[in-house]
């Protein structure tokens, strides 16, 4: 019996259309709009001004504060403007807009294909490289990785858990990386194990990616500290708390961080970025993005520069298909649907998904029939139906008692509700308000 | 008004004295009517269930079964010629659906049932309470029957009584009370078979009921 | 872009479940029992079912349209289900007005007064049945008896066809009521255990409400609902086990006056109640632990009422009582992630 | 002045109806309304006590020390209740039996003590009597109404005047405990809808 | 017979006296300090102890009320309004007369002024949409039009105008409770001075984007041009983050600003209609 | 009457609220929340058990010997009122925490029908002292069970969308009705 997390979960159809499509390089954009807010935490402050000439890999935004990350230019050319730009959600974000001119990289970056296995760095040095190259989690949360690698006083890490689950339907970016760059990822794992001082690393991969399991097993054959853990398919296996339970068997207590049980979780893409940063001196300015959808004419996995317009990418894959109702940044379970297509790709964008109206949930919520299905599927053991009404009645105090803050926003409850209630919409509001109340209490 | 120990005591004392006096006075006035109304029920029940009669004997209290908690009371009736015309029995059964059912059962000279009146019950309206509907087949079936020939238990229990639909329990209890009355009569007559014809003490109708009054149970909250 | 993009918070896909689908699933699961009932009781049983369904749907529509002035939701089929289950709880021979009155109570009082599907706190069909049982005990306990010989069944059904609406009621007590009568007369049960054979109990050749008799057909429905994941096993299995165990204990102490445990779970509304009525989502607890406590209590109360109470059948009351306790049982939280050390 | 008095009297009927608006004295409201006549009698008995105790209390209000106010009022009210009890026992024994324990329980009916405290202990005799009469009448009417509806539904009759209304000789449930609650609930809805402003 | 009367009187007398004495001494002996206002309020209450108010008896009610220090949500059915009034008086909780305020909606982005650029399909709540994105139009500051404010208003003072897609305040019903201000995730509603004869002048826009961007998304947006601030003789207008704000404590309702605003973002309500308005509109077109 | 019969009878079969209709005011008033209803239930159990003792003593040692049973109503209510008030004062001093949990409900209990009603019923039934206590306690437990169930139901109804006309009191009373209907299942148990 394969391992998996125990409580709740759902089985959406995985629709991995692009699983066999090798990573392709996306042509350079004409104009790149690079957001200063590509990580959770405070936006970086721009260190270039209008008219400046920048090279690929050059620092253009300086991290500001603890959970913030450096931003590097993904293109070479002239800075067109520095200031607010409208993103794909219609919101204004501080950005640097660069008119692209050629493709001139910083000389320090090693652009060769050769795999550099050896490293000779102290943990401190590794962490500082990860910080200065602006690496954030590519699994979706865009949490600055160096923070995770700095184990807090009094805690010890026991294992690195590499998240190769990619449980979101449609997305295949991590899958392709594991197939094409398994060896590099193994090197990165060794680096981070050294950085955080552990002798054990798990790579969790669901068994709908048998080729990836095989590829990673092969790549890590000579590295005994790495254990590839095949997992039974179940959404949201990729969520770090669930993954830690599935691989290590430990439950991260409510409100605590993974390090509480000695785990550090990193996404496959992040590991590949770390390899490039440490061994190739390449900051994080490009990533693999899956452009997909059932009626997209040429779905692809694209290695894309951060700041490339969404529109260009869609055009490159054959344009918006007839009947598309939603374009989603990310996967169908957790991704955000875009309000316009003039936005750009960020570090956290793992996919562009185009869905026809027939595939999106109908907007016809009826009253809750108390079937308990949401309770049964919630991986956190919450009572979504209750949080939903409590939030609806604005009774946020009681939401605290019912652990609203534990919700990982996986969406399993909304997915499964036969009454088509958008439970998570209200629960998110509950989390926000509860957060406010808790902060005020302190 | 501000309270002090003195005025508290004085005022409360005054009020209680005055009101208790008043209440006590009302009690005195109503005592008699209350007693009357209590016996009225039995009295009219006796008159209703007995064949026409002139005088009633002294009530006789009797324990029918060893397990009984209460007495039944028998009144023997004689006509103007002092001839025994039957008797009335205050009987009961504790097995009703809502508790005790109290009946007055009238027997004629042959110990056949003359009429039965319900004087107390707490059965469910619409179900068990049908035992009070004098015209109903359930009640009528008892009239004129001699329990020596008519087996006093409901049909499901192997007797001759047709139970009220969906109220077997009430019917059973009712029948039980009638049976108890009958057993009482048998017992009473068996002991004083001779005495019937030459009862020493004779009462007029009015006196008889008066007497019945005095023998009422006085357990109610008077 | 020609048409505007749709924007919504995640998730952007749905399992495809719907309330209507679930209700239809339950209806399908009830079909075998209906078929058996028609075979045994004739077209009258279909007639009662049809009247109940029609009046439930009508009342729901009427109330929503003219009294609550809310959107009409009869399309979710829950009223149909209430109608079917209500009728299954009635003897096949009840007069039409009784069925309609029961539907009015079930839908009007127990369901719509609370706001309709999902808001009610008591099982509407059971509320309707208990209302009728208390109000019209005579009509509600006059059962037609299906022919004891299965071979005759066809001819019986045939006869009824010619005389659809007036099934010649061969009235009789349910096995439970009969057993009670025997005890009441001072008889002993162990000598009378052949009231109904186990085979007849399973097939449904016994007196009772027209939908509750066919045990095998109901079990078939149960299997279907389990397979379709409409309900989980917790409530039905626990109720039946509890009934079996509790009545078994009583039986063990006095075999002469108490019924065999198998008899308990195969007769009366045990199967119908445990499988279809105690499991009603709206009025049963949400968590598995809650469900188990709920089910154990239903089992215990049912046997208590059956054995010592005024009504021969306790299932309906037990479920209603535990419906009332459901909000309290919902205070039993699911096991939260992160409690294991 | 006249207007004022009329108001004191009439407010108990609808605006401050003790049953449907204030929701007081719920026990007799539910417990004694199986028929119209029972409801009416209970209402009348309560009204009598209410009027008398209002008068008595407005008479003695000035001489009662604060601390024993409640015990004093209770004694006065309880005395009137006992008087009613005795009189009913003597002259309408059948009624007394059906109303049972609810007659002595008039003592603890919130309406009575409430009116004593809220009105009689602050107003003159005439006004207090009117107040008691109005509230009492409101109570009586409500109880009669509930009784009538229950009697109609449960035995197809009102004040024992029988007619065909429901099939099956009426619906027994309405004569029993659940019916009392259910009828009251729907009457409240109607009251709120049509009478309460 | 007579001794029944006698014993009746004696028993009750004894009980009465006992009650008085016991209560007196127990009360003395077990005295506990509590806020004297509690018993004062309790005195005023009817002592029916009916529990109708939802509190455990009149005392519980009095305690809760004194603690809350606020009459909101407290009502005694038995005593009715007169009792509540006297309680309020005792506690000095009579609402003191305040400058009358009213809620105003600071967004004029109706469907015409502000075209839709996408369609929202989540739970129809402003808070939910606001947490997700900018909204169905190009303006990321304006009203989302899903009526959270309408839902929270207990006085039925707000309603959604289906034509404009904006909430409207019924100035006669609004009690300035501020619920809607709290509820609006976009901070669009503000409580402002009701004004002489209900007349008010305010900037009906909260768009902080630069002029061009603001104008692109909405016809009537404040573009932060500053003409109004210059025109105001009382210095009541301040431009911050590309947005003008009129301080109602300084504004004298002269309406000079209304005349100069090139987009018509400044609203003057309840003024008699004067022909000047037309020139105003012509001005807009000219620009 | 056996103790078992008294207890089952008063808790389930003749439940004081749902079948005898006593104490409806606090039943409707103090059932907004399960937690409060538990406190109220505790207080009722305490007061009923205590007052049953005093009531029995008065009835058997004073009223019956003197032949003035008709004074029941007045004396009982006086005694109960006095008792409750004293308990309240004493509790407040001796155990503020217990007072917070139970004591605050005490005044509410004095003047509700349940306590006096139970007192009158128990003397009517001519119970012994022990039987009286059992009867009173069982009735109070019955009250508590009904109250807590009802409070749970009300909490739930509060969160669902009852029709506007039914919201609040009407739907609560309706629920009490259906609860009473469910309790009728116990009919005949004793």
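For reference, chains read A, B, C, D, E and F in written order, and residue numbers begin at 1 within each chain.
Quick note on the criterion: contacts are C-beta pairs under 8 Å (C-beta built on N, C-alpha and C of every residue); 3 or more make two chains touch, one makes a residue touch a chain.
Computed from a prediction, not measured in an experiment: that's the story for all the values here.
Path length between subunit B and subunit C in the chain contact graph, taken as the least number of steps between touching chains: 1.
Identification of common neighbours of subunit A and subunit B yields C, E, F. In summary, the chains found to touch both subunit A and subunit C are E, F. Chain centres here are C-alpha means, and the one lying farthest from subunit A is B. Counting C-beta pairs in contact, the chain pair with the highest total is A-C. Annotation: 21 Å between the Cα-based centres of subunit D and subunit F. Rounded to whole angstrom units, the spacing between the C-alpha centres of subunit B and subunit D is 33.
Centroids of subunit C and subunit F (each the mean of its C-alpha atoms) stand 34 Å apart.
Counting partner chains per residue, subunit D shows two or more touched chains at residues 23-24, 66-68, 70-71, 75, 78-79, 82, 86, 110, 113, 172-173, 176, 178, 182, 185. Looking at subunit E, residues 4, 8, 11-12, 15-16, 19-20, 23-24, 27, 48-50, 52, 117-118, 121-123, 128, 131-133 sit in touch with two or more other chains. Counting only residues that touch two or more partner chains, subunit C has 5-9, 109, 113, 115, 118-119, 131, 134, 137, 310.
Chain pairs that touch one another are A-C, A-E, A-F, B-C, B-D, B-E, B-F, C-D, C-E, C-F, D-E, D-F, E-F.
Put simply, subunit F touches subunit E in their complex at residues 25-26, 28-30, 32, 36, 39-40, 62-63, 66-68, 71, 74-75, 78-79, 82, 85-86, 89-90, 92-94, 96, 104-108, 110-112. Interface residues of subunit C, counted against subunit B in their complex, comprise 137-138, 141, 181, 184-185, 310.
Residue ranges on subunit F touching subunit B, taken from their complex, read 69-72, 74, 123-124, 126, 188.
Partner subunit C is touched in their complex by these residues of subunit B: 97, 127, 156-158, 165-166, 168-169.
Residues 1, 4-5, 8-9, 11-13, 15-17, 19-21, 23-24 of subunit E touch subunit B in their complex.
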